[in-house]
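After this come two complexes, each holding subunit A, first together with subunit B and then together with subunit C.
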Partner chain A sequence: MIDFRNVSKRFGQVIALDNISIDFSQGSITGLFGPNGAGKSTIMKLIAGINYPDQGEVRVDGEFPRAKRQSIAYLPEIDHLYPWWTLKQAANFISTFYQDWDELRYKDLIPFLNLEEQMIMGKISKGQRAKCKLLLVLARKAPYLLLDEPFSGIDLLTREEIADALLRGYREGEQAIIISTHEIDEIESLVDKVAFIDQGRIQLYGDAEQLRMERNKSLVEIMKEVFRYGNQQI
Partner chain B sequence: METSKSKMFKSLYLKDLREVRTEIIVVAAVAIILISWAYLRTDGLARGIIIAPMAFALGLAGFLPIITSFRLLGREWSNSTIYMMMSLPVSGSMILGSKLAVLLTEYLAGTLIVLLSGGIALLTSFPDIWQEFIGNPYYIQLAAAVYLVSITGIFFIFCNSFLSQVAGRLFKKASGFISALVFLGVFITAGKIMPETDVLLTQSQLLVSCSMQDIGVILTKGAIDLAFAALLFIAAVIIWERRIEL
Partner chain C sequence: MDFDNSQPIYMQIIDEYKKSIIRNELKKGDKIPSQREYAQMVRVNPNTVQRAYREMESMNMVETLRGQGTFIIAGEQMRELMVKDMAGKLMKHFISEMRSLGYEDMVTLDMLKHEFESLEDE
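Moving on, here comes the complex of A and B:
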């Protein structure tokens, strides 16, 4: 389980997270929804162990995130693959570091995502690069999967492919997937839990189906209300 | 999938080694072309001029890895591949250590190519002097000691480069300026701490006494450089592991 307890984080004068407490348990897909600058990526980075909280604590299975990097598959929003890498070189490199690398799944996902092993990262489209990044994350059987804005700048068809690949790779009950995005449409049907974040605070958190039933609205509509009026008024 | 520390280190090393291939080829090409040119265009004693292109190529072989030490680490940030590096389940010592190994490879490959090509040219031009050199164990040991100290010296510069860069990355603004300050600051501080050995080294470099004591002084200087370098490396690793954020 990933546990945030009273976590605050500032970058200079900007408050990225303001006293957040939340947990992410295995066996669920959680959507972190919110506008740009809400604090979603900071949550991801804290779990990945590449940021540290100023106050409060973050634990992954009771340990500091940096000690659990073997259990975390992190897909940052930014292009983090070497531009001269072919997909095969990237896979060879990453597979050296993770015991949970699944070569069969990797081979299986390549045609599914319409990719080729000889593709060079610096010479393919943004959509293809996004799929390569996703492939390299999904080819691992990591207990925790963090996807930071996986649909950012990606066309509609590619978004559907990514969402399908996500479902195909998901191991129910064994894995916790956290997806941060401000584009809810593509994953509304995938998520079990949702957290609406704005200005570093969790405005609303709960079971996705329950929220839809209670409010008789889609997650997109709920998000609009949350960010327009604040949680207290809806 | 089986993983091991040695496989991880090898992967990191090979990835970065790709970045220095061009520099090694450039040094080799410059050394071979210039030395061959000097060799073919001169005759007799005038062939002593071969020392000049050798010195130039050696300077290049020593200077390029210093530039690379800044590029190798700085590029991780400019290409955003730092996200990949920092999320890998390895220690900072392995990441920085693999980069250090690549830089040493570049230095060793470059200098050895120059020394080998220059040595062959000098050997065929001045076989008598060469024989005298080879026949005197003092000269051989002195040359080996000087080369060893050049390695510890460059090792110190690489570690200083890493420390100054990670220290600079602690600041969002003016990180390049802070890196430069730390880099120079470490040099000045180290120079103040070990001036006595430098004086001794200068004396020994003059080869006035031609005694084995000179080699001892040179090696002592190398050991001091190495100890300082190790401290700088440890400091860089601590900052990398505990303070660097993205």
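Moving on, here comes the complex of A and C:
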């Protein structure tokens, strides 16, 4: 389980996270929804152990995130793969770092995502690069999978391929997936837990099906409602 | 399959299976996809599919046999109940929509009669 207790984080004058408490457990796919700058990426970075909280605690299975790096597969929003790498070279690099690398799954997902091992990162399209990034995290058997904006700026067909690969690789009950995005449409039916985040706070958290039942609204509609209401309060 | 995202998805999955049974596309003894296959087919969270399957099991619509898969066990009697239930829901929906348009129930009835007559003329 990933556990946030009263976590705050500032970057200079900017409050990125304002006293948030939330937990993510194995067996669920959680959507972190909110506009750009809401604090979604900061939550991801705290779990990945790249940033530290100013106040409060972040724990992964009861330990500091940095100690649990082998348990966390993180897909950052930025392009982190060297442009001169082929997919195969990137995979070789990552597989030496992580003991949970699963060569069979890697080989299975390459044709599934319409990728080739000889593709050069700097020479392929943005959509193909996004799929390469996804492949490299899905090829690990990590219990925690963090996907920061995996869909941004990517065409619809590629988004669907990404969603399909995600379900194909998903290990029910053993894995917690956290996906941050400001484009909910694509993954509306993929998530079972949702946290709507705005201005560094969790404005609403709940079970996706429960929310639909209570409000007769889609998650997209609920997000609009939550953020409009949230903004009126200021 | 396209879901209406403003309604719980597990209920829509159950409704889809009910409709298949009503239309006789699925019959007692037929095997349906495993939860995992179904989740990938329709691109839905596996927990949501699990919820739908569990519910269908408790309704005695389907049964899951260890190592063999999930099968339809609803027979003709249950199919008839489903037809009635589905018809009832359609009627309720129709009535509430007509009322929300401001029609008196008697007027709606009259309109229905006219509509049936004009359908017969065609």
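Quick note on the criterion: the second predicted complex is superposed on the first by the 230 of 234 C-alpha atoms of A that agree within 3 Å, B and C clash if a C-alpha of one lies under 4 Å from a C-alpha of the other, contacts with A are read in each partner's own complex, and residues count from 1 in each chain.
One rule holds in what follows: a contact is a pair of C-beta atoms (placed from the backbone, for glycine too) under 8 Å apart; a residue touches a chain by one contact, two chains touch by 3 or more.
Please read these numbers as outputs of a predicted model, since none were measured by experiment.
Engineer: Quick one: subunit B and subunit C on subunit A, clash or fit?
Structural biologist: Aligned through their shared chain, the two binders fit side by side on subunit A.
Engineer: Report the partner of subunit A that touches more of its residues: subunit B or subunit C.
Structural biologist: If we count touched residues of subunit A for both partners, the winner is B.
Engineer: Applying the document's definition of touch, where does A:L81 land relative to subunit B and subunit C: first, second, both, or neither?
Structural biologist: first
Engineer: Quick one: is A:V191 in contact with subunit B, with subunit C, with both, or with neither? Answer first, second, both or neither.
Structural biologist: Touch partner of A:V191: subunit C, not subunit B.
Engineer: Examine A:Q13 and indicate which partner it touches, taking first as subunit B and second as subunit C; both and neither are also allowed.
Structural biologist: In the superposition, A:Q13 contacts neither subunit B nor subunit C.
Engineer: Let me test your reading of the model: by the given contact rule, A:N36 touches which partner, first (subunit B), second (subunit C), both or neither?
Structural biologist: neither
Engineer: Draw lines from the C-alpha centre of subunit A to the C-alpha centres of subunit B and subunit C: what angle do they form, to the nearest 10°?
Structural biologist: Value: 160 degrees, nearest 10.
Engineer: Is A:Q118 touching anything from subunit B or subunit C once the two structures are fitted on A? First, second, both or neither.
Structural biologist: Once the two structures are laid over each other on A, A:Q118 reaches no partner at all.
Engineer: In the superposed model, how near does subunit B get to subunit C, counting Cα atoms only, in Å?
Structural biologist: After superposing on chain A, subunit B and subunit C come no closer than 26 Å at C-alpha.
Engineer: Return the residues of subunit A at which the contacts from subunit B and from subunit C coincide.
Structural biologist: No residue of subunit A touches both subunit B and subunit C.
Engineer: Touching residues of subunit A toward subunit C in the complex: what are they?
Structural biologist: Residues in contact with subunit C: 27-29, 160, 163-164, 167-168, 170, 172, 188-192, 208-209, 212-213, 216-221.
Engineer: In their shared complex, at which residues does subunit A touch subunit B?
Structural biologist: So the residues of subunit A touching subunit B come out as 11-12, 45, 48-52, 66, 69-70, 72, 74, 76, 78-84, 92-93, 95-103.
Engineer: Going by the contact rule at the top, pick out the subunit B residues touching subunit A in the complex.
Structural biologist: For subunit B paired with subunit A, touching residues are 1-3, 7-8, 10-11, 15, 18, 79-84, 86-90, 172, 241, 245-246.
Engineer: How about subunit C: which of its residues touch subunit A in the complex?
Structural biologist: 3-10, 36, 39-40, 42-48, 50-51
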